[in-house]
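In what follows, subunit A forms one complex with subunit B and a second complex with subunit C.
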Partner chain A sequence: MKEVPLSTCERTSIVSALQAGLRYDNREFLEVRDITLTFGKDYGCCTATIGQTRVIAQVTCEVVEPRPSRPNEGKLSVAVHLSPMAAPHFEPGRGNDLVDELQLILDRNIKESRCLDLESLCIMADESVWHLRVDVTVLNHAGNLGDACNIASVAALRHFHRPDVTVEEDGRVTVHTLEEREPIPTFMKKVPVCLTYAFFIVDDYCYMLMDPSEKEERVMSGKLIVGLNPHGEITSLVFPGRVSLQKEQIVSCIRNAFSKAKSSAEMVQKAVDEDIEKRKSLIKPEGFINCLASDARYARQRIMRKIKTTSKTEFKIPQEPVEDLQESMDEIQIKFDPFDSDEVTTPMKVKQHTAKKVKVSKPREVASESEEEEEEGKLTSQDLQ
Partner chain B sequence: MAKHACQLNFLSRSDGSALYSIGNTVALASVNGPGEVKKSNRHYNRSHLEVCYSPSTGQSMIGERTLESVILHTVEQVILVHLHPRTATNVTIQEMQSDGLALSTSVNATCLALLDAGVQMKSPFAAVTCCLTPSGTIIIEPTEAELKESEALATFVFDGQALNVLSAHQEGCLDSENFYACLRKCQTAAKDVLNFYRRIMEEKYSSDKSYN
Partner chain C sequence: RAAKMGTNIGGVEVLRVVLPGDEVLQLNADKADISIGPGLRWQENVICATRSGLLKKTSKNLYYVDTHQKRYIPNAKEFVIGIVIKKTGNNYIIDIGASDKATISELVFENSSKKARKELKPGDLIFGQILVANKNIEPELVCIDVFNNLVGIGSLPDGGIMFTLPLHIARLIVNPKNSLLLMIAQKIKFMLLVGFNGRVWVKAQKQKEMVTIMNCLMMLEVMTLEEAKENIYRLHTSNSKNF
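Here is the complex of A and B:
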């Protein structure tokens, strides 16, 4: 199925709301949606939600031969899957730009940042090592998939326990089942955090948002995805879209990201530790059955919370009788008469308005720009260290 | 019987979705459609149905394809496909947690997702799995550990009106006597499943929603 296009009305409405300092879901510009982490029955299975975005990550392991160039290091691989479940326009088993982008972010953040001690995954040098495989599946695409995938896979990796092994004298490797021996937790040195900033260029003024929703992602001029850890290291900078920024703006983004990285990393660590602690008690883990809340419930809770906090400002329900409404409806119909000369001019105005905006965004070559900006980013990372 | 649980309208972007669990097996089904269809799949007299089952790890292999085909043939019999010519209906199922009952959980999740999406159907359908132990007893909705010990495993899908068999899937050997014994036991269990559906749907359309 094709993606439903976003109308010009919706676009202008989102942009003009931003100009008024508002977002569609009533958030501050630098406010992140609620993040929840839920763990499954088995080790290394985790679903993460950011608002209504929902991602599931599952870690599996197997014994393989190591690479000849690195004989005493285990292997780690991350795979992202997008099915039509996430959004109707995705096709199963076929890659698109979004999958490539997510794959790139996760590879850099988790694999290349070396947050996991790969040497601890070695069973026998040159012979056998553990291969950890993280499968990340997007269940619901409501914006900011990069952060969601990163949180889910990091939590799943931290939560994962691999089975114990014994090596016999003749070099045979026996893998013990989870019932036979206590499994071994994975050792993660640093917790990678990923934060997304969206930029909107309107009339030569740049608006910066955190954690863009799906609609905002479709309207925005560009985004910066910063991968970092609380120890002051930048692991990745991805800068897609048609926007050019000053070095100061990127530095301020990265500063902001560092200020949020610690709390985000602690949140993940706390959720994982709590769940592992629970498993040590005699009660068997139930998994997802009773702890996953649906998106409808999430939306309802948000509205209820909003009503509670703004209970002082009373909601006015129009008490007009139905007949009056009917009359006003009739009036509206007359107003939208296509032959009415006053109304014809208004859509023209809107058109001019949008045409202006396209000129401002100055589309340039995307690839070269992103490389430039990444170099700048690297400079700043050194500065910060 | 194992405990059944369900949450409707689970995903915000799908037309209908359901998270369904039997015991410790959890599956998530989402339905999109009837909607736009590719030219190659366009039928002049009916809606094109597509079922996609994705496992929680790795690519989908032959086992997953089998599940897909069983679900597809079941759903095709029930949905009123002739009402929506030149459209496509997509069913996507995601394995969330596995404990041996992948097929019956996904079939039930699909049924509730279709009901949630408001796709016209002749009747609802319910799947029940049972297994035969070496001692000759029949266990309804076994766990994975029980399945490993068992001799044969059978899954039946029944329609909601006369409890007729829509599809049957079997692994291992069953003689005709045992097969009919399994069928009868599953048939009685299916009534409970259909009652559970009714309760879930009544909850959905009731005015006082007890969401906590």
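Here is the complex of A and C:
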């Protein structure tokens, strides 16, 4: 299926909202959506959600021969799959730009940053090593897939326990099952974190947003994906799109990313440690049952939380009961659009809503009446503030 | 957020939950005239449901099944908001959110004749009525009636926000006397266009107001009408603080 085309109206409305300082879901410009991590029944299976974007990562392992150039080190490979479940325009099997970009981010952040100690994966030098394979599948695409894939794969790797191994004297390797012997955790030195910044260039101004949603991603001019770890090392910088930035702007992005990286890495560590402790205390792992909340439930929780935290003042309920308003609506003649009164066009049958106390009047008085209504409207909203 | 069984809201009675294949009514010869609406099918003197949802009955003995659906299936005589994709020959190809793209001739707009045709660019929005929709052919849109009366309003003015709602919410909002819309109108002056394909276009004077209205309407997806009414005032104040 082809992607639904983006209308010019949506494009300009997102940009105008940004110029007024607003995002569609009422976030701050540098606010990230809620991140949750859930672990499956097996070791190494993790689902990460950023808002409504959902990604699942699974780590598997097998014993292979090492690379001749690196006989002491294990292998690590990461693969990203975009399933058609994620978005209607994803097609299975066909590689597109998005897959290449995600693969690039994960390769750089996880493999090349050497966050995982590969020498601990060695069983017998030159002969057998562990090959860890991370498969990341995107389940729902609601913007910012790079961050979600990264968090899911890092958490899955940290959560993963590999089976124990004994080496006989004659060189035979026995792999024990998980019941025979306790599996061994992976050793992750640094926790790589990935943060995405979106840029919108409008009339010589450059707006910087963090964690773009799906609509914002389609409209943005370019983005900067910063991969780093809380120790202060930058693991990757990917800068696709049609934006050119000054050096100071990139440096300020990176500085902002540093301040957020620590909390993100701590959250991952905490979630993984909590789950592992639960398993050690022999609580049976529930798997993904609890994370099967529907999008509607997530949206509702978010709205309720936002409403409770922001509004502490008493709000004024309008004195006019709603039934009176309905009666007065019947008397209203539907006039044409008051917003552009310059055009003299034939009246359009448009469902138009105006504030209270609109009388049937001649067209000449339209302008003055609308001013009155505006003032009335301003009064009430100021009272509420 | 289900309506209670047997309640009567505005002349529409909610009967019960049905699943596809359920027998709804037995037709007898002496029964009064009954009309069946979407979601029901008449086969061999038995009326069966073809969709899952609430079985509702209006005061004029019209039975139908109200379903929660996001994907639009085009039906004739419904008003939709479409996005222009491209122009081929004398027609425009338009996306209405269904499985097929719709076509509209450039002559079926207001004030357009063979000498003065309507010019539309890819990405423009159109509000029109579906003339014909069949599973075998592409749907066709018109903005003007057979009698040359204005049916849709053609291309939408600039500005405004467009977003998508599930179909059952769009059907709630199409009624201009909907109590939630009236409550919003007490605070904000706005212009609203609702398409049966779930697309809604809103225009107000300030960006903030448009985003507030969009969020209020999207709240209807996850709450009942009553809860949404309680919460829109809080939403409006929380937005006003960001001035």
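Structural remarks
Following the convention adopted for this analysis, the second predicted complex is superposed on the first by the 307 of 385 C-alpha atoms of A that agree within 3 Å, B and C clash if a C-alpha of one lies under 4 Å from a C-alpha of the other, contacts with A are read in each partner's own complex, and residues count from 1 in each chain.
Quick note on the criterion: a residue touches a chain if its C-beta (ideal position, glycine included) is under 8 Å from a C-beta of that chain, and two chains touch if they have at least 3 such contacts.
Computed from a prediction, not measured in an experiment: that's the story for all the values here.
The wider contact with subunit A, measured as residues touched, comes from C rather than the other of subunit B and subunit C. Of the two partner chains placed around the shared chain by superposition, neither subunit B nor subunit C is touched by A:283.
Once the two complexes are laid over each other on the shared chain, residue contacts for A:10 go to subunit C alone; subunit B is not touched.
Touch criterion met: A:41 reaches subunit B, while subunit C stays clear of it. By the document's definition of touching, both partners, subunit B and subunit C, reach A:299.
Contact with subunit B, but none with subunit C, is seen for A:142 once the two complexes are overlaid on the shared chain. Once the two complexes are overlaid on the shared chain, A:52 sits against subunit B while remaining clear of subunit C. In the superposition on chain A, A:81 makes contact with subunit B only, while subunit C stays out of contact range. The residues of subunit A shared by its contacts with subunit B and with subunit C are 296-297, 299-300. Across the complex, subunit A meets subunit C through its residues 4-13, 16-17, 19-22, 24-26, 296-297, 299-300, 303, 306-307, 310-311, 313, 315, 317-318, 320, 322, 325-326, 329, 337, 339-340, 346, 348-356, 370, 373-374, 377, 380-381, 384-385. Of all residues in subunit C, those touching subunit A in their complex are 83, 85, 95, 97, 110, 121-125, 150, 153, 156-162, 176-177, 179, 181-194, 201, 203, 205-208, 210-211, 214-215, 218-219, 221-223, 231, 233-242. Across the complex, subunit A meets subunit B through its residues 1-2, 40-42, 45, 47, 52, 54, 56, 58, 60, 81, 83-88, 92-93, 133, 135, 137, 139-142, 286-290, 292-297, 299-301. Residues 3, 5, 7-14, 17, 19, 21, 24, 26, 28, 30, 32-33, 35-37, 52, 54, 56-59, 88, 90, 92, 94, 96-97, 99, 209, 211 of subunit B are the ones that touch subunit A when the two sit in their complex.
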